[in-house]
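Below are structures written as structure tokens.
Same chain, two partners: subunit A is paired with subunit B first, then with subunit C.
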Partner chain A sequence: MSNRRPYVRSMDGWWKRDVYFIRYMAREVTALFVAAYAVVLLVGVLRLSQGQAAYEAWLQALKSTPSLVFHLILLATFVYHTWSWFNIMPKTMPIMFVGGKRVQPGTITGTGLAAAVVACLAVFFIVRGMHP
Partner chain B sequence: MKRSHEPIFWSLFGAGGMLAALIGPALVFITGIAVPFGVVLAPDTMSYANMLAMSQHWLGKCFLLAVIALFMWHAAHRIAILLHDFGVHAVTMVKLLCYGLAFVGTVVAVYTLLAL
Partner chain C sequence: MADAEKIIEIEVLRYRPEQDKEPVWQTYKVPFTDDMSVLQGVQYIKDYLDGTVSFRWSCRMAICGSCGMMIDGKPKLSCKTFLREYYPGKLRVEALAHLPIERDLIVDAGDFVKKLESIKPYIIPKEPRTLEQGEYRQTPEQREKYEQYSSCINCMLCYAACPQYGLNPKFTGPGVLALLHRYNADSRDGGSAERLELGYADEGFWGCTAVGYCSEVCPKGVDPANAINQNKMNSAINYFTRFVTPGGAGK
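Moving on to the complex of A and B:
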């Protein structure tokens, strides 16, 4: 047995030490909300398979105030997910060249965010077009 | 050298993250706010008849499965790493639990959608 008791720096709250880590944590924590939304949808599909009464109970639950608050929080975290996803994309994707020049990080992020806006609007108008 | 299975999970994570980034905000707004409260969209947009028709069309089935399953695999990957960041170092256990839950969710979704 050794009597040495070397100093070990505590890792508690390590992510609060630096703005960069806080941003990392905020980005990763959105996963909890993505999972929660997937569960909401999965329950909806399950209720749908159980017949009209079961499905309509699920729809009714969506109309409650707690559900509205929950979905507003979900919406905020999803928007943040979109924002952060395309912000780190220049680092997560392979380096791209167009016409012999490296595509700038700002261009990648900008294109991604523009694509997300277009995709969201497309989904919205498709749904609206089907059930005016 | 033993082959890593990381690329499989990373692909699912990436696909789910991309899908969520592209259309996630619109989906949450539609299913959680616009339709239930009749804002901008008709309240009967997600009626039983409409959603049943959607879930019985192969395209609708594919879409619902893609959203539910990929969102789960995306979240599972990030949560597994997040637990490690917070000092849970039982890597195998954490991965089994996170990916396991995503797998169960996927199986339930596939089974339910096929039965509809």
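Moving on to the complex of A and C:
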């Protein structure tokens, strides 16, 4: 007869156990803010289908103080979202070689972040160009 | 030149299945010098303070992978972590997280070993060669595709770092999946199809949510998160093309 009695520890509150897990949960939770912004844009499309007055009202609502505060929060979470995902990107890529040398994780993250900055600036200037 | 003797408090999470209903903390005062590892601290406890404290160790130089434990909540090799880093505070040592405690600092590694065997962690030659035909040759680039993953010492720190394994012990887990990839990525190996059946299963690569802590705690720079996640793309392609590809691997 065996006297073994292995003890299994509880996983309750596991993500509070280590700051690394908290950062991971923060990264995952930013997806909800991305979804929230998608809803804001979808409402815009819906209001557009309801005619010009409805669409103008939606645009007006976006300019309200609560909406501006909400968008600032969204912007902050989007920045963290972008940074955290490009930060984990080297883990998701196969080992690559350029000119016989292995591409370093920092290069992958840096390229991703640079592409995000370029894309943001491009969108910003295109939209600004449409509203002289 | 003798250092003035310093004393550090080490709290050990004790679990003696014959008497403890659940693990309890026990504190020991350990004299130490700056060159002493946490493992040596625990060995001091066993040799001079309390012979009933149980733990695993062997090489004392971060190559056998036996002495992993939670040190102040982080998975570490105790031979590679120094008491001086925690002084003048105290430190807590506990059996590796997410694995069942067998006794004191010893975990039950049975599940890990079973999973390790299942992925056939050895080269299954692509083409059998006789001695006369010579060795299997490989370019430096082919070698680099798997070399870092081959540094795994089976210490299970990555399992103690993986909340997905803690939440669902059916998940094959970081270390074993990294070794699965190590052999599949080897140009001399021909066993990839049978290993991928395990990798593409629900308990395989997709059990990982890219927390990434496994790679952070790995004492050998294996980067299991990278080994696992680079397989997800092929797994997805395989999933969608399995009906049209004759003999497509995976289920």
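What we mean here is this: the second predicted complex is superposed on the first by the 124 of 132 C-alpha atoms of A that agree within 3 Å, B and C clash if a C-alpha of one lies under 4 Å from a C-alpha of the other, contacts with A are read in each partner's own complex, and residues count from 1 in each chain.
Here is the rule we go by: contacts are C-beta pairs under 8 Å (C-beta built on N, C-alpha and C of every residue); 3 or more make two chains touch, one makes a residue touch a chain.
Bear in mind the structure is a predicted one, so any value in this text is a computation, not a measurement.
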Subunit B versus subunit C as contact partner of A:M11, first or second or both or neither: both
Subunit C versus subunit B, contacts on subunit A by residue: B
Touching partner for A:S2 - first (subunit B), second (subunit C), both, neither: neither
First (subunit B), second (subunit C), both or neither touched by A:A31: first
Touched partner set for A:G112, first subunit B, second subunit C, both or neither: first
Contacts of A:K91 with subunit B and subunit C, given as first, second, both or neither: second
Touching partner for A:Y20 - first (subunit B), second (subunit C), both, neither: second
Partner chain in contact with A:R102 - subunit B first, subunit C second, else both or neither: second
Those residues of subunit A which subunit B touches in one complex and subunit C touches in the other: 11, 15, 28, 92
Touch list for subunit A against partner subunit B, complex: 11, 15, 25, 28-32, 34-35, 37-42, 44-46, 48-49, 52, 55-56, 59, 62-63, 67-68, 70-72, 74-75, 78-79, 81-82, 85-86, 92, 112, 115-116, 119-121, 123-124, 127-128, 130-132
In the complex, subunit C residues that touch subunit A: 15, 17-18, 22-23, 73-74, 97-98, 100-102, 108, 141, 144-145, 163, 166-167, 209-213, 215-216, 223, 225-226, 229-230, 232
Subunit C-facing residues of subunit A, complex: 3-9, 11, 14-15, 17-18, 20-21, 24, 28, 88, 90-95, 97, 100, 102
For the subunit B and subunit A complex, residues of the former touching the latter: 14, 16-18, 20-33, 35-37, 40-42, 44-46, 48, 50-52, 55, 64, 67-68, 71-72, 74-79, 81-82, 85, 87, 105, 108-109, 112-113, 115-116
